[in-house]
Each structure stands twice: as structure tokens, then as C-alpha cells.
């Protein structure tokens, strides 16, 4: 890289430096985290700007370049993920800053900074082994966040998530070993040129895909998702479901689009799509039956992972845009819902579905947030979720494979089935006002702003789509 | 085959013999005391012969010194660990062994 | 048949044993951790074995470096898993029994 | 290759999966962990046979030694009630899956290109310009230094998370049984010996097998021995300890970021200075790795807490 400011590297180094410093100067952890977050946001914005104006940006670590060194590359998809992490993450972390100090808030902030650095590194990495290392950093930081409050069920869920995640990573790593043995490179672009249809390559693809599906919680492998998302502190659930859960998918897309583009739309891809469809139905049905708000949201996340996988059988640019849009809009909407549920839980004392009864009048901001984010989850216009599902359905019809479109529409109807009861309970007229405890004001504001983001995504899709098209690979 | 090589081979074989004897002893002897006894023979004598055998063939004095250091380190750690194991075995013996303390 | 193939085949055997330990043997957390570590050992062995295919004198150093990184990551994850398992068995005793699946936490 | 070589490699290669199978099917957990440690040492032998001396060193010290100690020291504290035997159907399912995976992977592996130098040549061509003359150190800290940067972050995150889940009560190391005389004198010998060996390994790392990870794990082994024998209490999070924890990552981030300020790529060391910079980085990493690995151990082996104690969460 020459001449341009290396913002792309700062998106990783800034949060990493902030995290390091706030471990050292624990007493000043909060201000350090604020400064590091600001620096990271600036770097992310600048990187996205560079990508939007000049196309993909890259930087070779140590100036070596592939195949000897590791390359960081921000294409349209990478920039979109960077932007998502950089908008949703800091908003969620505001609640820890708002809680003002305390060892728990400090631990949360440090681990979040590490997680953010690793998520950015993951979005930018163009090296399959480096992706493994960053995925492990994401996982360990996520487990740290889950268990940070030492709640017994969170410990159990965190341990389960950690072990399954490690198994997934090692399947992935086995694939990396085979790919390197076959091609003598780890760089995704070079791999794309050198991979030939031979047993080692498709075995590697199968192993890596299986490992990543386990980590992403694709339907038959989703058993770890609900315990982790429901027992973690709400802000952590918001990060897990909104951002961290997308990390394995980002790696998977890199793998299929850059290394194995020929497999898109093929038999294995159809299998992934079918599992995605299964996830949409199964997740939505379980969400319909759940009686706790957090469980509804956790199962809804399982369903939304399903939408992401509809990209693989379609494999067109339109489907890619749709899947990326699902990722982005679900990140904002789901994080917003989890934060709103935190407010409800703190106000009422529990998070049963009927906890929302009559709370709308007392916590209007939260319920505006729930309503807007719920619209996006259901895919009602003009939310981001609507654009996402519309893009996916259109891509399916363009390829003449109407059944995927039917899945998308049915999934939307089912999600209406589990989102409406939350809102109906909330807005139902109530004879006497329920006793409410004090709830954190900043959590309400965070939830509302995330919901506004989810809505706004539906109003400005064209700009983001232009960004995605730049990548122009698929 | 030179005399040097012959000597090295003989020493290595001697070392291997003690390792084999130690391994058989570990498997066949009845109680911790005698097992440890068998093991220490393997560690001390067996490794000693192997180190000697390698030292005969070693191209430099530094390498001989390194081999010697390895032998001493293994001696220290094996004597210490057998001492610890026996200490623990004796502490447990009255409870686990119906025939009384050994 | 060459030496690397010998170790390559061994690596696959080790990996499979690890998969069995992680998924199949029992659900005890220590066994799972052992299984995961053995899976890692299999992958590392394959990497190192495949580095020895060159006819030249020195093996490919890149897989060696990857394996070093992998071992360190493995031990980090193992340490975290054991710490959580310990914390879990300490808390287990005194906390109230787990609430039913869909009940509020208190 | 002589017959002796073939026999040796054949025996090692056959032993590895057998021992691995023994670990996962061992009747008791103690036995499983012991066999796991044995597996580590046999792997180290195999790696030495495959000319991977660095890997053998790290495997023996970290993969087998420290991991084994971690598992063994935690075992008494983990209640056996966590154990639930898996159902026959599950075992059969996993077994069938496994047979498939093994055959499939085995065939694939044996059909890989039989001769490939990988990136060895490229590494040799560029090693003069890197910060180290030993190829593996050059890959770890220069060519793929960015991987190592993230890896050090992984270590630090694991250490922080381990600390976070420990009950504060567990942190001070409890003195176990009184240290025996020979053990005490061994520990006295251990500290200076480990420091010398670690220093030697860091120095060697620039041109021969050795380096920060090997040296750090030797030092950590010493620290863990002191802690597990109750000779020293577990580390308290004083400023000095925290500084040691983050030193490696801090130096690494600084080395990664400094070139950015001059308009270069990250980790692009100024070439004439690459050698000294990489050596300084190795020293910092050695300290951090040692301390981080020690923090993975919560103190002397403990038993489950008596149930009567009150919850300590505020």
C-alpha cells in the first residue's frame, strides 16, 4: 500500500491497544475504552470510506505479501461487516460505560475490545490460517463475556459453547492443513487460483464447512445456541446474537466465494440451503412455543442463521446482497431486542412473555424500540429486514427456484407469530399500573437507537448495495 | 566398522537392555517399592549408557557436555519423582493395604 | 509409501480418536477436553508430516510455525475450559436448583 | 532410509493412534490423563523424527507438560457428578461417523501430492531480510508475525477469562502438605536452572531451534511447580503482574503500529533494525508467555468447597 493512510490496520490495532492498556491501568479502564472505541470507529469509518470511493483496500502485514505473509483486505463485504461491528458493538457497550465502573463493567469492556479487534481482524483477513486464529480469539473473548458474571447457568452454557466451538475450529483447521498440503498457500486469493477439483480440496471444503456450521449454529447443530444466549447477561447476548454469531458465517462466505466459487449452487450448497430452510422453520416454531422473551429471541436467531445459508444454493450476486443484508439488519434488530428485554427484565423482575403486559405505558421508549426492531425481524417494510428478505426472495425467483422464496415468505409469517405476542401484551390496556422497578435509562436509549438503525437500513439500501457490488466477485 | 562405532553400539545396547529390564520390572513387580526400584535402574543406568554411547560418537566437546547435563537433569528429576511417589504411596499404604504398613 | 505418509496416516488415526473422545465416549468435561486436545494433536501431526515431503534438507518451516501457534491456542482454550469446569463444580453445590426450562430465573 | 529408520518410524506411527485411542477409552480419568501425557511425549519423539525440533520442544513443555498438569490439578476439584455416560445409540452413531471420517480422510491424505517443498524455498530466499536467521522464528515473528500477534492476544484473553471465572476465594494458593526436604532443595535448584535454560533458548531462537514460546513455557513450568507444591501462592493481580501479562502484547502492538505512523504496512520493521527488534520482541514475549501460562493455574490443587459457604457475589 502506498500513499493512503493505513486505516485498515488501525481498525484492528486501535481496539487491541485499548484493551492492552485497560488491562494495565485497570482503574482508568472506562476512559481508555471510550478513547479506543472512538479511535476504532474513526478507523472503521475511514476504511469504509476508502472502500466506497476506491474499491477494495489491502495491506500486507510485514510488507511480505502472499504467499509468504498475511494480507489484510477490505472488500465490499468486509467493509460492510466492519461497519456493522462498528455501529452495533459500541452502542451495546455503552450500557457498560453507562453503568459506570465496577469490576464487572471493566471486565466486560476489556473483553469487548478484544472481541471487537478480533471481529474486525476476521472481516479483513485474507488468509485461511489467520482466520482460524482470529476465530479462536473471537470464541475465547465470547466465552469470557458469557461467563463474566459467574452465574451457574452461564458457566455451563459457556463451557458447552467453548467445547463445541473448539471441535468446530479443529475441523476447520484440518481443512486448512489439507489445503496447505495440496496447494502450498494459505492466502484466499491464491487458493482460489490454485485449488483444483481433487479429493483433498473438496474434503477440505467439507471439513471446514462442517466446523463453521457448528460454530454458526446451523440448524441440526444449534443446540448450544439457546442456553448461551439466554443465560449470558443481556448486553452479551446482544453481542453474541448480533455480531459474534455472524463471525463463522463471514469465514464461510470467504471460503465459498473466494476459494471455492465453483461449488456455489451445487449439490453441497443445496444441502446447506436445505439446512438453512430447516433452521428457519424449526427455529421459528420453537420461538413460537417459548414462553421467555430471551428464548424467543434466541430461537429467532437460530431462524435467522437459516436465512443466511439460503445464499449458498442461489449463489448469485443478488442472493449475496440479500444474505449480507440479513446479517446486517439482524445484527441491529436482534441487539436492540435483547437490550429492550434487559429493560423489561429489570423493570418487572423476570422475562416471561407476560412480563410485557402493560409496561408499554411506563417504558414507552423500550416499546417503540421493541416495535421497530420487531418489524425488522418480521420483515415488514420499510425495515432492513424487509429489504433483506425481499432481496433473497427476488434472487430465488430470478433463478426460477421459487421454493426458496416460499421459505423466506413462510419464515416471515412465522416470525410475525412470535413477535406480535410480545407487543400485544405490552400494549394491552391495563386496569392498574404494575409496580415497576427502576430500569437503566441508557439501556432504553441504546435499544431505541439500535432499532432506529434497523429501520434506517430499510430506507438507505441503495448506498449499501453499491458498496457490496464493488466486491464484484460472485 | 571402527572401534569407536563398535564401542558406541555396545554402550547403546547396554542402555537399551536396562530400559527393557526397567519396563518389564514396572509391569511385573507387585508393589510401588519394587516398581520404582525397576524404574530408577532404567533411568540411571539405561540413560547413562545411552548418553555414554552417544558421547563416544559426539563430534564436539560442547555436545558431550550437553549430553552430560541432560543425564544429570534426568537423574535429579527421576530421583525426586520416585521419592515423591514413594512418600505418597507410604502415606496411603495403611488405608489401602489390609496387610498393614509395609 | 514414504515416511510422511506413515505419519500422515497416524495423524488421521489420532484425529479420529479425538473426535470420538470429544463426541462419543462420555460427556464428562475432562474427557471432552482430552478429546479436543487429541483432535488438535492429529491436525498438528498432519501439518508437520506434510512439511517433510520436500526432497530438500530442511522441512517446510511454515507448517511448523502454524503448529506452534496451534499448540499455544489449544492450551489457552484448555485452561479456560478447566477454569470454567472448576468454577461450575464449586457453584453447583450451593446455588438453588436449576429452574425449569421456560421459567423465569427467580 | 535404512531398515532401522523404517522400524522406528513405523513403531512410532503405530503407537500414536493406539495411545490416542487408549486415552479416549481409558476406564478412569486419571489413567486417561496419564496416557494423554504419554501421547504428548511420543508425539514429541515423532516430531523430532520429522525434523520439527521446535514443535517437539513446545509439545513436550506445553502440549503435554502444562496441559497435563492443568488437567491433573483440576481433576480433584471437578465433581464426578458432571459425568453422564453417553447412550449406546450415540456411541454407535459416533462410531459409524468416525469410521467413515477415518477412511475418507486417510484416502485423501495418502493422495496428496507426494513431493512438495511448500514455502520452504521462499522462506530461505527471504530469511536474510527477516529479523531472524532461524526459519521458524522468522516465520513466527516476521513473515507471519501478524498471526503471532493475534495468538498472543488469545493467550491474554484466556488468562483474563480464567481470572474472571475464578472465585476470589480460590485465588490465594493454599499450602498443601508440607514440602519434603528433597522437593525443597529441588525447587531451589529449579529456579536458577530454568532461568538459565530459558535465556539460552531465547538466544538460540534467533538462529537455531528455540525462541520465546519454548523459553516462556520452561519458565512457566518452573512457576507452576512452585505454585502447585504450595511453595509460592498464586499470582495476585498486582500492577507488576499485570504489566508482565500485557508486556508481550504491548510491545507487539507497538511494533505493529509504529510502521503505520511512517506510512508503511503494519509489522513492517525497518529492515536494518529487524534483528534487534525481533530479539526485543522475543524477550518481552518470553516474560508474558511465562506469566500468562502461570495464571492458567489457580493455585495449589483444591477440593470442592464445602456447601455451607455463602455466595460471594455482591
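Per-chain residue numbering starts at 1, and chain names A, B, C and D are given in the order in which the chains are listed.
The rule is simple: contacts are C-beta pairs under 8 Å (C-beta built on N, C-alpha and C of every residue); 3 or more make two chains touch, one makes a residue touch a chain.
Since the structure is predicted, the reported quantities are computational estimates derived from the model, not experimental observations.
Relative to the centroid of all protein Cα atoms, the closest per-chain Cα centroid is that of C. If you average the Cα atoms of chain B and of chain C, the two centres end up 32 Å apart.
Our note on geometry: chain A versus chain C, Cα centroid distance of 26 Å, whole angstroms. Chain C and chain D have CA centres that are 12 Å apart. One inter-chain figure worth recording: chain B and chain D are separated by 27 Å, centre to centre, where each centre is the mean of the chain's CA atoms.
In chain C, the residues that reach two or more other chains under the touch definition are 15, 18-19, 23, 29, 33, 42, 46, 50, 53, 62-63, 66, 69, 73, 76-77, 80, 84-85, 87-88, 92, 95. Shown for chain D are the residues in touch with two or more other chains, namely 105, 109, 112-113, 116-119, 123, 143-144, 147, 151, 154, 157-158, 161, 165, 167.
In chain B, there is no position where the chain touches two or more neighbouring chains simultaneously. Chain pairs recorded as touching, per the definition above, are A-C, A-D, B-D, C-D. Of all the residues in chain C, the ones that touch chain A in their complex are 15, 18-19, 22-23, 29, 32-33, 36, 39-40, 42-43, 46-47, 50, 53, 62-63, 66, 69-70, 73, 76-77, 80-81, 84-85, 87-88, 91-92, 95, 98, 102-106.
On chain A, the positions that touch chain C within their shared complex are 129, 133, 136, 139-140, 143-144, 147, 150, 152-153, 155-156, 158-159, 162-163, 166-167, 170, 173-174, 177-178, 180-181, 290-292, 295, 349-352, 355. Only residues 73, 76-77, 79-80, 83-84, 87 of chain B touch chain D when the two sit together in their complex. Here chain D touches chain A in the complex through residues 104-105, 107-109, 111-113, 116-119, 122-123, 126, 142-147, 149-151, 153-154, 156-158, 160-161, 164-165, 167, 239, 242-243, 245-246, 249-250, 253, 256-257, 260, 263-269, 313, going by the rule given at the top.
Across the complex, chain C meets chain D through its residues 2-21, 23-31, 33-35, 37-38, 41-42, 44-46, 48-56, 58-69, 71-80, 82-90, 92-95.
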